[in-house]
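Next come the structures, one after another.
Two complexes follow with subunit A in common, the first pairing it with subunit B and the second with subunit C.
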Partner chain A sequence: MNTPNEFALQMRHVSKRFGGVQALDDVSLEVKVGEVHCLAGENGCGKSTLIKIVTGVHPPEHGAEISVFGHPVAAYSPTLARASGIAVIWQDLALFPHMSVAENIGFDEMVGAKPHLANLKSIRKRAQAVMTRLGVSLDLDARLNTLPIAERQVVAIARALISDARLIFMDEPTASLTQSETDALLDIVRTLSANGVAIVFVSHRLAEVLDIAERVTVVRDGRMVGVYPTKDMTQSRLGELMTGSSLESKVSARDMSSAEAVLDVVGLTRRDEFEDISFTVGRGEVVGVIGLIGSGRTELAHALIGMSQPEAGTIRLNNASISPRSIRDAIKVGIAYVSEDRLSLGLVQQQSIADNAVVSVLSRLLGYLGLISASKKSNLVDDWIERLAVKIGTSKDAVSTLSGGNQQRVVLAKWLATEPKLLILDSPTVGVDVGARAGIFKIVRQLAEQGIAILLISDEVTEAYFNSDRILHMADGRIQSEYNPIQTTVAALEEQIYA
Partner chain B sequence: MSFLTHIRESIGSEVLSLFSALVVVVVGFSIATPLFLSASNFGSIAFQLPVLGLLTLAMMVPILSGGLNLAIIYTANISGLAMAAVLMHFGGAEASLGAFFLGAIAAIVVGGLSGLLMGLVVAYLGAHPILVSLAMMIFLRGLGEFLTHGGDISGFPPYMETLGHGSLIGVPVPLLIFLAAVFIWHIKLSRTQHGFSVYMIGSNIDAAEYSGLHTRRTLAMIYTLSGVICAVAGILMAARFNSVRVGHGEALLLVTVLACFLGGLDPFGGFGRVLPVVIALIILQCLSSGLNLIGANQHLSTAVWGLFLIGVMAMRWVTSRLRE
Partner chain C sequence: MRKFLTANPVELRLSVVLLILIAGLSLSTDTFLTVANITSLLNNNAVNLIWAVGLLVVLVAGGIDISFAVAASVVQYVAAKFLGSVGGGNWFIGFLTASMLGIGLGLINAALIHRFRVVSIVITIATFNAFFGLLMFFSSGRSIYTLPDWWTKKIFIFEHQSASGVWSELNLSVAVMCVCLVATLFLIRWTNIGRQLYAFGDNAEGARRAGVNIALMQAVAFGWCGLMAGIGGLMQVNIAKEVVPNALYGRELDVLAAVVLGGARLGGGRGTVFGCVLGVMFVAITQNGLNLLGVSPFAFQMIIGATILVAISTSNMSFDISGLFEHANPTGKKGVSR
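And now, the complex of A and B:
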């Protein structure tokens, strides 16, 4: 029916066991030449295992049928994968931060299997050609670690292209990009696709998936859910397919105008960061702040928690003027801050779940002789793990062993233990699964109902739209306007904000 | 079975594996020479261990916090020098016990201050502990040699002899001092806010700061306490050698690092406990005195120490593989 060369990749009946875990069970993946195909599924569903099989890192179980560009493959290896034009751009990019852009792009040429001298001149020339093909211009001599993440991503793509990749897997390429950077990347992906390069795109962001891909393969718990054209697919339907349960997304906004103000900010200004910021957050109210990276949103949060000092304006908490000089001052008056960077600022990843949960409330654990009481500690930890339904083995395990969603629950537990009056959530769902996001926001809603004032900072319009009572739009260091989710739609809001 | 698991969880598998290594060393030397399992050998180990042990405790906490203190030996000696100066001022060999207490306080103040200075630079200027403590090490050595003209100060009162070589109800006094320090360090690391902060800072200082821990104050405290315990080691060294010299114990610097790593400290900080480090120290001391008893060359024991660390690393690798 199809000519063999219509497919860049055909995999059928792929299964993989690791010890007692069935990571993949009879999964298929077919990618057409020049197609943008999306691989969707929650963390731990088997996406990464599948990519590792495609690239020859793990051999599949007996019975798998794989053919690459029409040629059936019997024994698969990383060398063969690369030789047949398959490349993977991992989330961490696997680039060399201290080498130049040209050296990074030409790396595979410079240290190939055959011993030959690196010819930087020809590499520069070829790197330049690839850049032109991608329609981008980067300084070839710039050191990689001086570039923003978005440009490093381009370098990683160029590196794949210079070795004639015709099928590129991209693992969550937009996870740490801003909206405009994401748009630029999606344009590059479209260019590649028009040039006949097939792209398999792995992403948590459903809007993006539906925007860029022609078809989407959904995997859940190691099993194939199905392959769907994206034409008639909606975000909520895709979310349901990935999680296996229906995700309600309805506007949760309430009229909180009569709630007494917990946080009252007037005219807050810090040069080059934000200017004349005034807003209130009421008791039990969820106020969304939509702003991209660089809009001043995180800088504003930092000023509220004492990490930086504003130059003008006042902050009042429960009618008392405050000027926190450190995060300790902020905690003392009842402000908690969930950082956007869970990996390096939110949690001490290597240390245990228990220690992370109590780190901000040590003084409450002291018992006999002012020493930390083991029983007070374990009571507090067990209590919060139960209240937030964190799924763990034991609380002695390192926090890094948990999934993104469960880690974020530990972060919430840690801050809720400080009994905050104001909870600032800075991009709380970065790297959190679709299903787990719903769980996080359910908790946020409950906290609001208990009377905690919540400031929800996000660069995803839909997230703020569905979970806030009011929305502030921040750009260029200023609050541009205020929206009520009930009186608008996601589409209208997106249009106004990205206009 | 569950009883064994309970024991393993409460004292930690690290302690058990080091303890079995200690048993192997003791049994091995006991077979090799009848002199090993004797009171006099245990006595000599008990007198030699404390100085190295105190210096190791001084090295341990900076490593746990992700740093290092290269200045421990000279901090100890400059503190010893402070005490010697006080003793000399009050009549040298005739100095009263009161002069000793004054001298000990002077030593602890000097040790604590040199630690505090390092801690403040590390905490508030953000300089790397290796550089800061290297600078402090060179400064203290130069200062000490300038003050002593490179010579010894000796002629201490007779009670210093008791401190360095005496016993209390059969237990060597230096060992009592060391055990007290071990107990305090263990409680400090496992049960206090300061200790908790040390581990968090050692793993990720930024996340610790964002969690509201006093990261800078803790860093300053870590090096101050390291200096204080160096001072205690310095007093003990003065008592054991009956003299103070800037170069005393120079060779011990890297041995303390060795003991820390042998005791399972993570070289990148954040993980490690006092008890395994103490067992590691005992192993090192048994190795060197055992080799000495069977007539091996002094230099050989250093070589064996190095090999032993490599062996332990290999063993840890194997056990972690087996666990997977």
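And now, the complex of A and C:
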């Protein structure tokens, strides 16, 4: 038995079954006081279930032993968990968009069935104190939905701290942050850890995990793989432990300079967004565009697909000048765009996989009397499901039943069904785990080999580095320079971008 | 107040429009800005306002209630029968009976919604039909005219005789309305229960994870709406002096439109008592103005419908009206307009 103050949390033999699915099978997690501990595993491996058990949202199955700061825990509820010093910052933050920053931070003391007056003054004062402790300043009266996502993240952390949390779970805190916002967040995490707060960090970004955590617990398919110190651990080794198969990461760049240009952009300009952009993408070539949010990368993509109109410059596709006025125009000439936010913008979650996959090509499915032909539809869907190796039950299942990686493939299928000449991928792996990422890039590579020109927009340098033939670096609305992955390193690229 | 209005742009915009409307009517008619007209406006809308704040609590908590107006009819009918059978009762027993019956009907809604996890619009459309159907079945559609004296006796809380000798007065219902408004304001703005209602309506899953008792929230929201329905029903009898089973049928949509007009968000998490007052009074004054201007009553519904449509569809446009207050207070922080 360890001394009570050494461990913030000890969980042993935790199992949980939902219906027929064994979400967790005899998993253990131990977190030391003041430690940054990482919980790693692919989507659906049981990480979230584990967090929900610690915080009392779900009860564990019989046989689990849980103790918090040395005290064994029998019954559990969110209120009890909070009282014993545990707080969670959920991936979707679980904040209240129409309430003020101060109220979001202090909300937890309003919770309870016993009526009492809401003392907003004291909440405000304490929220201010927490802000000072974090070294940040936010307008406490601002409504939460007016803040950018990075500041909401800070609000969520402040909310955990106001209840004197000594063990904080952070579920994918960096998933929607840019690199500089992530760095700021990691600094806050280090400060907290130095003050004796234990932090359990869940992230898909392995570089981040190895950077911030002292130890990592790996979970795969609801089972415990092991606990490892991050010292001497490499990203590829960690990826292997998480997926159970080895992930190769080698530069895949090829020399495509002799390929005929599919996309030829000259002098493209749109005020306050991007300026004098010129580049080409050849047949079968993968061109990476890296840059921070605000560098103009997404705005450039929007101009190429007709969501906004450039003020100067020309876009040529297969030697014909085009000026798309809408996404429909862009699809017609052969440009497909997979958006940054696939979950909300790319798919209709409640509809079936088949319906989602064909939505952009409905006009091609028309049969007798101009109605949608069921056989044409199912042929097309089956074809793409096979070509993209989407793991599904049946194509009639709702998209929301699929994992992140498989959803991404359905989005790809939807756009590939339009038979594009140019495919624009905007941050295609946001929120997708390592195993699925590798799968997606394998598909991207195959598509390139079939002759589709691919523009890969990303703010993860490694992603662009390993998967592009050429890399363009955008900053301040301009293309700053071009790199050949073979002649550079990830570190050199990162230095360029974050300098 | 300034802080309140900059944080609630819908309410701010509606109060500006309402002030313009009032100013316009005061100048264009010599009957609008009279004690007699204003007291009758308040008397005629007290019951709507009582219902409006009840419905507000449900909307804030992310639900909707279609059944409250017929629930009020049920309360009236059952209370009339019950009070008749116990020898008439008095105001105290009347309030107690109406409140209990109203809360009971509200809790039926809450229990069904929580137990079967069905969205509130479906459940309350069902209970709307069930309540009304049962009422019509048991009453055979017959009105009750023999009511206890205390119930139908006019009680004035304010009397005034104008120079020309015209009496104008405020009914008891206006006083009851004021109490309901203050009570609702207190509940949703100053208690932890109220703040949990907002949070639950804003992000139900977030509230659940924070440990908010969801069943309790549904019970408080629909129970409060039922309570207001019951009290509103009681006061409506005091004004109408009769219980007509189908008299309130259809009023729910008028109240709902007024509350949404006042800035309550369908979907939850937003809405204020002040907004309810604005919404109800806006519709009432528009109608009153049309009356005073001699517009054909047949055109009323059309014009009010169009007004609500314009008001609600423009309420999502972003005019930067927070600037209105910058001049008055140069040191004031710029409000959040959204």
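Note that the second predicted complex is superposed on the first by the 492 of 499 C-alpha atoms of A that agree within 3 Å, B and C clash if a C-alpha of one lies under 4 Å from a C-alpha of the other, contacts with A are read in each partner's own complex, and residues count from 1 in each chain.
The rule we apply is simple: a contact is a pair of C-beta atoms (placed from the backbone, for glycine too) under 8 Å apart; a residue touches a chain by one contact, two chains touch by 3 or more.
Keep in mind the model is a prediction, meaning the values are calculated, not measured.
Undergrad: Is A:426 in contact with subunit B, with subunit C, with both, or with neither (first, second, both, neither)?
TA: Neither partner.
Undergrad: Taking the superposition as given, does A:208 touch the first partner, subunit B, the second, subunit C, both, or neither?
TA: In the superposed model, A:208 contacts neither subunit B nor subunit C.
Undergrad: Just to be sure I read the superposition right, which of the two partners does A:414 touch: subunit B = first, subunit C = second, or both, or neither?
TA: first
Undergrad: A:469 contacts which: subunit B (first), subunit C (second), both, neither?
TA: After superposition on chain A, A:469 lies in contact with neither partner.
Undergrad: Once the shared chain is lined up, is A:97 touching subunit B (first), subunit C (second), both, or neither of them?
TA: second
Undergrad: A:42 in the overlay: touching subunit B, subunit C, both, or neither? Say first, second, both or neither.
TA: A:42 contacts neither subunit B nor subunit C.
Undergrad: Which partner does A:171 contact after superposing on A: first (subunit B), second (subunit C), both, neither?
TA: neither
Undergrad: Contact-wise, after the overlay, does A:351 reach subunit B, subunit C, both or neither (first, second, both, neither)?
TA: First partner only.
Undergrad: Between subunit B and subunit C, pick out the one touching the greater number of residues of subunit A.
TA: C
Undergrad: Can you list the residues on subunit A that touch subunit C in the complex?
TA: It is residues 55-57, 77-79, 82, 88, 90, 92-100, 103, 107-113, 115-118, 139, 141-143, 145-146 of subunit A that touch subunit C.
Undergrad: With touch defined as at the start, can you tell me which subunit C residues reach subunit A in the complex?
TA: Within the complex, subunit C touches subunit A at residues 3, 7, 189-196, 198-199, 202-203, 205-213, 216, 265, 269-270, 333, 336, 338.
Undergrad: Would you tell me which residues of subunit A are touching subunit B in their complex?
TA: Contact set of subunit A toward subunit B: 327-328, 330-331, 337, 339, 344-351, 355, 359-360, 362-363, 366, 370-372, 414, 418.
Undergrad: Taking the touch rule as given, give the residues of subunit B at its contact with subunit A in the complex, in rising order.
TA: On the subunit B side, the touching residues are 187, 191-193, 196, 199-200, 203-204, 206-214, 270-271.
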